[in-house]
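Have a look at this one.
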Amino acid sequence: MTAGSSTTTSPRAPASSGPAIELSRVSRWYGNVVAVNEVSFALGPGVTGLLGPNGAGKSTLLHMMAGLLRPSQGDVRIHGRPTWHDPAIYREVGLVPEREAVHPYLTGWQFALLNAQLQRLPDPAAAAAKAIQTVDLGDVQHRQIGTYSKGMRQRAKIAAALVHEPAVLLLDEPFNGMDPRQRLHMMELLRSMAAAGRTILFSSHILEEVERLAENVLVVYAGRLAASGDFREIRRLMTDRPHTFTVRSSDDRRLASRLVASPSVFGVELVDGMLTVRASEFAAFTVLLPRAARESGITLFELRPTDESLESVFAYLVRR
Amino acid sequence: MTPEPRPAPETSVRDVPSPPQLPTTASSATGSIFDLGYRGYEGPRLGRRHAIYALFVYSLRSAYGIGRSGRAKIVPIGLAILATLPAVISIAVRAFAAQAGAGAEVERIDPIRYDSYYGYVSTIVMLFVAAQAPELLGRDQRYHVLSLYFSRALLRTDYVVAKGAAFATAILILILIPQAVIFVGLVISNTDIVAALGDNVGSIAPVLAVAAAIALLLGSIGLAVSAFTPRRAYATATIMAIFIVPGVVSQIVLRSTTGGLTRYIVLAAPEAVIDGVNAFLFGVKPSSREVVRADLAGELYLVVVIAVVVVLLGALARRYQRIEA
Amino acid sequence: MALIALDRLTKQFPGVTALDALSLELEPGVIGLVGSNGAGKSTLLKILLGLLPPTSGSATVMGLDTAREGTRVRELVGYMPEHDALPPDNSATELVAHLAQMSGLPPAAARERTADVLRHVGLFEERYRAIGGYSTGMKQRVKLAQALVHDPRLLLLDEPTNGLDPSGRDEMLALVRRTGTEFGIAVIVASHLLGEIERVCDYLVAIEAGHLLSAAPLATFTGRTGVLAVEVEDGSDALAAALIARGIETRQDGRAVLIGLDGHGPADDAYDIVRDAIVDLGLPLVRLEHRRRSLEDLFRDRPEDEPAVRPS
């Protein structure tokens, strides 16, 4: 499959100005159930991951951004314009929802074409063809969607959301059901679209993939925004949690005794031929370690932070 | 070839070698830790036959809503009560009448007899079939539970056999309980019980035969429809339509024409067919007018029942052979 | 006797060949099964369960031919399907006990095993409530429980973390790992998520378009690449320059400075040179580790001279 990069173009210039996506104190409730609770953030071009446990409000947020749901309170704006009750918004936003939203009796081609026509594009057939090619459904585009595998259905939905080349693309669990090769291709596609200037927000539970694809993340929990930004920076902000590292050296025990003497070290553990260090001060420890090793004539073979991944950060955020 | 036996699981009891006792202040503490880890199963495995039997029992209970929520019980048990009520009332009336000395009089005019009973409760039985057949087959299809069944030792045909037997049994129960009530009532209400027993025993065979015919015919119609229509409301409606519509059509046809081949249309109406079988096996006049008008040989009705049941069960088996689990 | 032996196993449907002359032998352990979407993976699982006869060739599970002794195979195998398969108005206890009997356990044993197995998968008071009200995580556990209740020798798990959020996935993967190690049951995990397979499995089978792409211990795919990655919180450029000045070739990759590309790993004293360069510059050292290959390399289009690198 041709990686999508040759077929992605820059999005059209938006009709209005403002951050690509902006939420100001947005809430959404259903009776007593508060699905989204005073959420505020702003996003620009690039890839952002939307994370949270099941039921945290991710789908609700995505639907509000797509203009399909009205906020009970607050403002949801795309390029400065409110999303609700504004059909022109649908030109600027593409939504790929999680649940099946395709008619099984249509072929992939027909579905893309239908969406192009609904968008009143000047040349629906060309737009549909381009979108189909971008997601690499060319071989199967004339089969009915009911016969597609899950991964192919996902790609059909993405093609439909791309026909009008929106500046903002919202995807709810886009990789669901895709095999490893399809996942890699899709990640490459999203990356290239973001590089071309699109704003991409996608939700996923597979944090290893989010970590690689998204520069920034938004973490929602029980309807509230728990954290936003680069997850490494988020980790730095969690000063109440010591950073954990594993170390292999030529003399773990001696190194451990040197480290524990420093106030930046919270605790050390020697187990399984490995030294585990808990550091209360990240900056001080990272400078201390190589210095302590040199001064003691110890060779460092390995240093690994064990809770720097997005998985760890996420776990800390939601398991308070 | 049998697979290698797995090494014995570690189910050791690690304890300090003293009998478990609560420590007293003076003596040393004792304690035991029991291994709660995963254990293998070394007991008997009863194979397909037990699986079929267990599914049969489970489905039979489901047919009456037993083991499910209260709401699931209302329809089947309610209908069972309604089906039994006329029999109970009739017996009660006879008992009172016998006491009042009008026994013979009542017996003469009482319409509730073995051969006539079905005519009074046929609608209830049909409602039961239409309501419960989808219960038995529809849920497993709708929620994709079949994959959990078929990934076990149970074969697809086993599943059909168990479900079919369970449903037929459920219908049999519905029909036979009132008949049993009538039997008991007739025997007991007589002053000479032994003689009454002798009189009534002869009826047992036709009662059972007719009940079996009804259970098989209506049951196979109900299950065949449910197998192809997992959505409950559609299945129930379709089953009721099959029970009612051909009957209405045949009534209309038989009222307007006589003789010739159009008479055979009565064989398409389940209720009429049952009436024909009932009349044939009990040796009485059919109670429905169409059957009388059609004037067909009694054996024909029986043949139709057997043919239909065979065809429908075949369709059922094929459906489950091919259904995607 | 191998746990599973496939001998030129082929399965054809009208118009598509799902499996094409697959041959391999698997020993007990936790085995990952990866495949491209399409008929291959689910067809293989159905054949292993004895539910589908091969077009040609054979599949043997624990010495039993699946085509001829399918029933016997299914008595010894537990299957956790990918899709939702639970009726909403039974409780977990009712359903699992019923299915235990379907597997041939007598009623009393079925009840006891159900209670034990539900505890092992982590369902407690909720087991008496109707399944319709369960969260996705609880439903996945019920599916796992029904696969375990008859004490199978082999478990087939099809996408066990489907629909689970990150903490649910963690718990399910830990459970799968426990099942393979503590419970002593051989496990085949079919999954699209290579990260999961790397975490939980010791062996990998990869199928592509019906052909066997690869079948080997996981370690073969995640071996060291001979590249050492050094990450400092800031000052990577200065570090790279200092290392070059000391005669060490470097290359940059995002936040990391990479060393030693000759495939044999850095020389012994390179570690100390790196350490000293960092101390001389007063830089904060965040990471120092060998880059490993990852399973993803199997699925990349471009043939790689340098394998795609990823921190372990």
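Per-chain residue numbering starts at 1, and chain names A, B and C are given in the order in which the chains are listed.
Note that a contact is a pair of C-beta atoms (placed from the backbone, for glycine too) under 8 Å apart; a residue touches a chain by one contact, two chains touch by 3 or more.
All figures in this text were calculated on a predicted structure; none of them were measured in a lab.
K.L.:
Starting at chain B, what is the smallest number of hops through touching chains needed to reach chain C?
P.N.:
1
K.L.:
Which chain's mean C-alpha position is nearest the mean C-alpha position of the whole protein set?
P.N.:
C
K.L.:
Rounded to the nearest whole Å, what is the centre-to-centre distance of chain B and chain C, using the mean of the C-alpha atoms as each centre?
P.N.:
46
K.L.:
Which whole number of Å gives the spacing of the CA centres of chain A and chain C?
P.N.:
It comes to 23 Å between the two C-alpha centres.
K.L.:
Would you kindly tell me how far, in whole Å, the mean C-alpha position of chain B lies from that of chain A?
P.N.:
Comparing mean C-alpha positions, chain B is 55 Å from chain A.
K.L.:
Could you say which residues in chain A touch two or more other chains, in rising order?
P.N.:
Residues of chain A never touch two or more of the other chains.
K.L.:
Where on chain A is chain C touching in the complex?
P.N.:
It is residues 1, 3, 51-54, 149-152, 177-184, 205-209, 283, 286-287, 289-291, 293-294, 299-305, 308, 311, 314-315, 318-319 of chain A that touch chain C.
K.L.:
Chain B touches which residues of chain C in the complex?
P.N.:
Contacts found on chain C: 1, 49, 51, 62-64, 71-72, 74-77, 79, 81, 83-90, 94, 98-99, 101-107, 109, 113, 116, 120, 130, 146, 150-151, 153, 182-184.
K.L.:
Give the list of chain C residues in touch with chain A in this complex.
P.N.:
So the residues of chain C touching chain A come out as 34-38, 135-137, 163-170, 192-195, 232-233, 271-272, 275-276, 278-279, 282-290, 295-296, 298-301, 312.
K.L.:
Which chain B residues qualify as touching chain C in the complex?
P.N.:
That would be residues 1-4, 6-7, 9, 37-41, 43-48, 50-51, 54-55, 58, 67-69, 72, 139-140, 143-145, 147-155, 325 of chain B.
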